[in-house]
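Pasting the structures here.
What follows is chain A paired twice: with chain B in the first complex and chain C in the second.
Then we have the complex of A and B:
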């Protein structure tokens, strides 16, 4: 009986953490004098931040309800996540952060950096130039970027980040990745003990808690979860594909229509934990550079890696017995707009049904979304 | 070779010749300039047509991909943004309706959508080599990825240079290496060697064009403004986008003509445009 309570409590903890900006574990970290640096993209190496003694926190705009302040600096043609996030920064709602780091991965994030830099919104503001190609030359370039990033943190906060600390941080993050992948793989089962909603909540929580704390929670959850006997009688197994979807309620809305979201390729999902950083590499920064530019499943920003990403999606389709794919995209996102345009031909050729859904960062238009998902599921049932 | 593309490209080129000839008959000085400007575009197109007919190699590339290299290597090239925009002269407004049918989100840059339409509508010749653009926006790199969806474009070699975001010494070295790699790739694929002395000559000419561009823009601060807003864009095209003028003395002469006209307007305190009331 106690096992069930623990399992539910941990799942609830993850759901709550994903629905809030500051969760209990983060608050505890802050109360103990811990410091936090926010990251705007999965290409920001959390390991370097953790090795400096900070908790890396993946930026979300959860709780935002307007863009009245950020609309002065950005337009309605900018990504709504960026607009909401800048608005929260301008309102001081990220006051718990000692710094933020963005990347060059999208036009909108670059404007976020410009605005932060101009307003001096945080004590530390960094941006990493993530290359668009993935040869050895680009690995070297990104390695140099990581070196500069490390030195910038050392200078700003008057500290030294040792090689051993980075290796230790890699080890902890790799453990987190392995555990998350283990949880993710449970949904290969016909009746998985965890839903897509809960799985996304877990991976969002991984970006919002001290890694060792998250790992401890997830270990308990994995121990107590059965490997099967969970969700039954669903109408179809879906894969969600897209960018920064950080709201498990979006997945819940899909699952409430009778689907099982069995897998994903999202910036807050499987792409974060599918591969590990090489712990045997002598230079840990080199290992991190290689992980991001070559090894891990990439987003559309990395142009040379497209074939690999398609192969990754197709592997998920096979492994998780996917019936259909929902491709979600925040309006005005060129990266995922073009990716969707290209992928539709591939999916058609392979006979995989798909549904394209545009969205704003805040969950809205739910009535229309339900109708579209229901119609998609009916189509799939016709095919099954 | 796709005969339909050749036919359409010839139509676009003829339209440019026709406009150029009409403008040449106008007594207005700016029309005279525009006649030469459009003729330069048509001249570049004629070289692409010749390449298509004779089976010679030509590139698809961009103004931001170091076009001086192409001039120095005597390589013919074009940018599909031109046929994308000029296609409306041949097809009429239906171009926009056809563009909207492409299943690419309508909030994505209109130029990129029009360029895809120029590919789908057989207005953009399939080159021998594509030098992809990866800057300045997210869409442009992905546009090149999207080209691989189209027959013909799927099978051609693609060269690309990764642009650094920064402007420091390390970034310059990085991009320099990328440009050298691209040049090596072009040498290998076309069999044409890059002569660095010839490149220096081209850059000297190109720098003259850039210097005049700065001078031209400075003079536009005058009140009344001596030239209308789109005139500056013409220098951009002459110095960077029209293959027959990039790094060529003919391009320098064209910009000189525009600059001289502007200076005369400044001296006479004349406005290059009229305020509509």
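Then we have the complex of A and C:
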């Protein structure tokens, strides 16, 4: 009996953590004098931040309810995540951070950097250049960017980030990635012991807790979870595809219509943990550069990687017996707008049913969303 | 076998009662703030028309529309997209594309030859091209919906309304009125704007003939003619009220479910 309690307690812990900005594990870290650096993109290497002694925290705007302060600087044509996040920053709700790092992956998030820099909102404000192609030349280029990034942190906080510390951080992050993948793969089962909602909560929690703490929790969960015997009688197995979806309630809304979200390719999902950083490489920064530019499933920011991303999706479709794909996108997201436009034809050619849904960062318009998902499931089921 | 379909939309509730696949009665009622209340009023009216005195007399009832989960007396619910597909197919066998102009959204639905839904597209994040848009524009022109339809038919030189946003479009209409543009021409401009929106949506799912329009706005002949001009096709006309197609689809599905249940070994 105690096993079930542990299992449910950890799942609940992840659900709670995903629904809040600051979770218990983070608070404990802060209480012990730990410092945190926020990152706006999955291409910011957590390993360098962790090696410097900080907890990397993937930025979310959970709990935001308005954009009245940020709309002074941004427009209604900006991504609503960016607007909510800047609004939270201007309200001082990210006061627990010692720094933030954005990347060049997205023009909307770059406006965050502009505004943070102008207002000197955080002790450390970084912008990481991420190349748009994935040849050897770009691996070398990204390596140079990572060196600069490491040096900038060293200079700002008067510390040295040793090679060994980076290797140690890689090892911990790799463990986190392996464990998360193990959890993810449970949904290949016909009656998986976890839902898509819970799985997203776990991978969001991974970005918001000290990695060793998260790994310990997930290890217990994996030990306690059976490999099967979970959800049955669902109407279809879906894959959800898109960008910075960090809200498990969005997945829950889909699953409440009778679907099982069996897999994802999301910025807070499988793309973060499908591959590992090479621990045998002598220069750990080189390994990190190669991991992000060549090895891991990429985001649409990388122009050359489409074929590979399509292959990744098709593998998931086979492995998780996917009946249909939901492609989500935050309004005005350029990267995913173009990607989705091109993917439409690919999926049509391959005969995979899909549904496109635009959304705002905050979950709203749920009536329309339910109608779409329900209608999509009805079309998957065929004749009524 | 007596079954019913109840379609609770954003603006109106619709109900259809079928007896052995023939329409016994139908009803349309304006929405109350609570969908459960709208459903009850609409259903009671349809039951009175059919001479059905108790809900117990129904073999099965399907709810659809935005209020579908709030219909207490329904046995099951199915999305209005599927219901419109089934309803339109029931009254127009050759239909392949359905345009649904509802109160709060606009949908285009593509059907296969067998009536299976192949694809659908929805415009649901703003009022552009919806029934609400038409109502607002008519109000700015101080016309009823019927008058808007007639005025649009009379237009010689349609005004251009470039804004899809209903709030901005209303300001644009005020500017046109201030410039002395004839109301008929503005009315036609309003319909052109909606037809443009519909064209985009229909093109997304592929405009295969035969094409039909369902929903309350399908009664606006001025709008239908404008859409026909824009799409360069003749739209199918129904022998029954196009506003009840969703409820008819729900009732048809209810009848199918009853039959399925009676088949030995069926679900």
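Convention: the second predicted complex is superposed on the first by the 382 of 384 C-alpha atoms of A that agree within 3 Å, B and C clash if a C-alpha of one lies under 4 Å from a C-alpha of the other, contacts with A are read in each partner's own complex, and residues count from 1 in each chain.
Please note the rule applied: a residue touches a chain if its C-beta (ideal position, glycine included) is under 8 Å from a C-beta of that chain, and two chains touch if they have at least 3 such contacts.
Being a predicted model, the structure only gives us computed values, none of them experimental.
Asker: Once the structures are superposed on A, label A:342 by its partner contacts, choosing first (chain B), second (chain C), both or neither.
Answerer: first
Asker: In the overlaid three-chain picture, which partner chain does A:367 touch, first (chain B) or second (chain C), both, or neither?
Answerer: The second partner, chain C, only.
Asker: Give the label of whichever partner, chain B or chain C, reaches more residues of chain A.
Answerer: Looking at chain B versus chain C, the one contacting more residues of chain A is B.
Asker: Quick one: classify A:375 as touching chain B (first), chain C (second), both or neither.
Answerer: In the superposed model, A:375 contacts chain C only, not chain B.
Asker: Quick check on my understanding: which residues of chain A belong to both its chain B contact set and its chain C contact set?
Answerer: 331, 358
Asker: Show me the residue ranges of chain B that touch chain A in the complex, using the header's touch definition.
Answerer: That would be residues 102-105, 107-109, 134, 137-139, 141-146, 148-149, 160, 162-166, 170-171, 174, 177-178, 181 of chain B.
Asker: Residues of chain C touching chain A in their complex?
Answerer: Answer in residue numbers: 66, 78-82, 86, 105, 114, 116-118, 120, 122, 124-125, 253, 256-257.
Asker: What does chain A use to touch chain C in their complex?
Answerer: 331, 358, 365, 367-368, 371-372, 374-375, 378-379, 382-384
Asker: Over in the complex, which chain A residues touch chain B? Could you list them?
Answerer: 77, 104, 106-107, 110, 127, 129, 131-133, 137-138, 141, 144, 300-301, 303, 306, 329, 331-332, 334-335, 337-342, 344-345, 358
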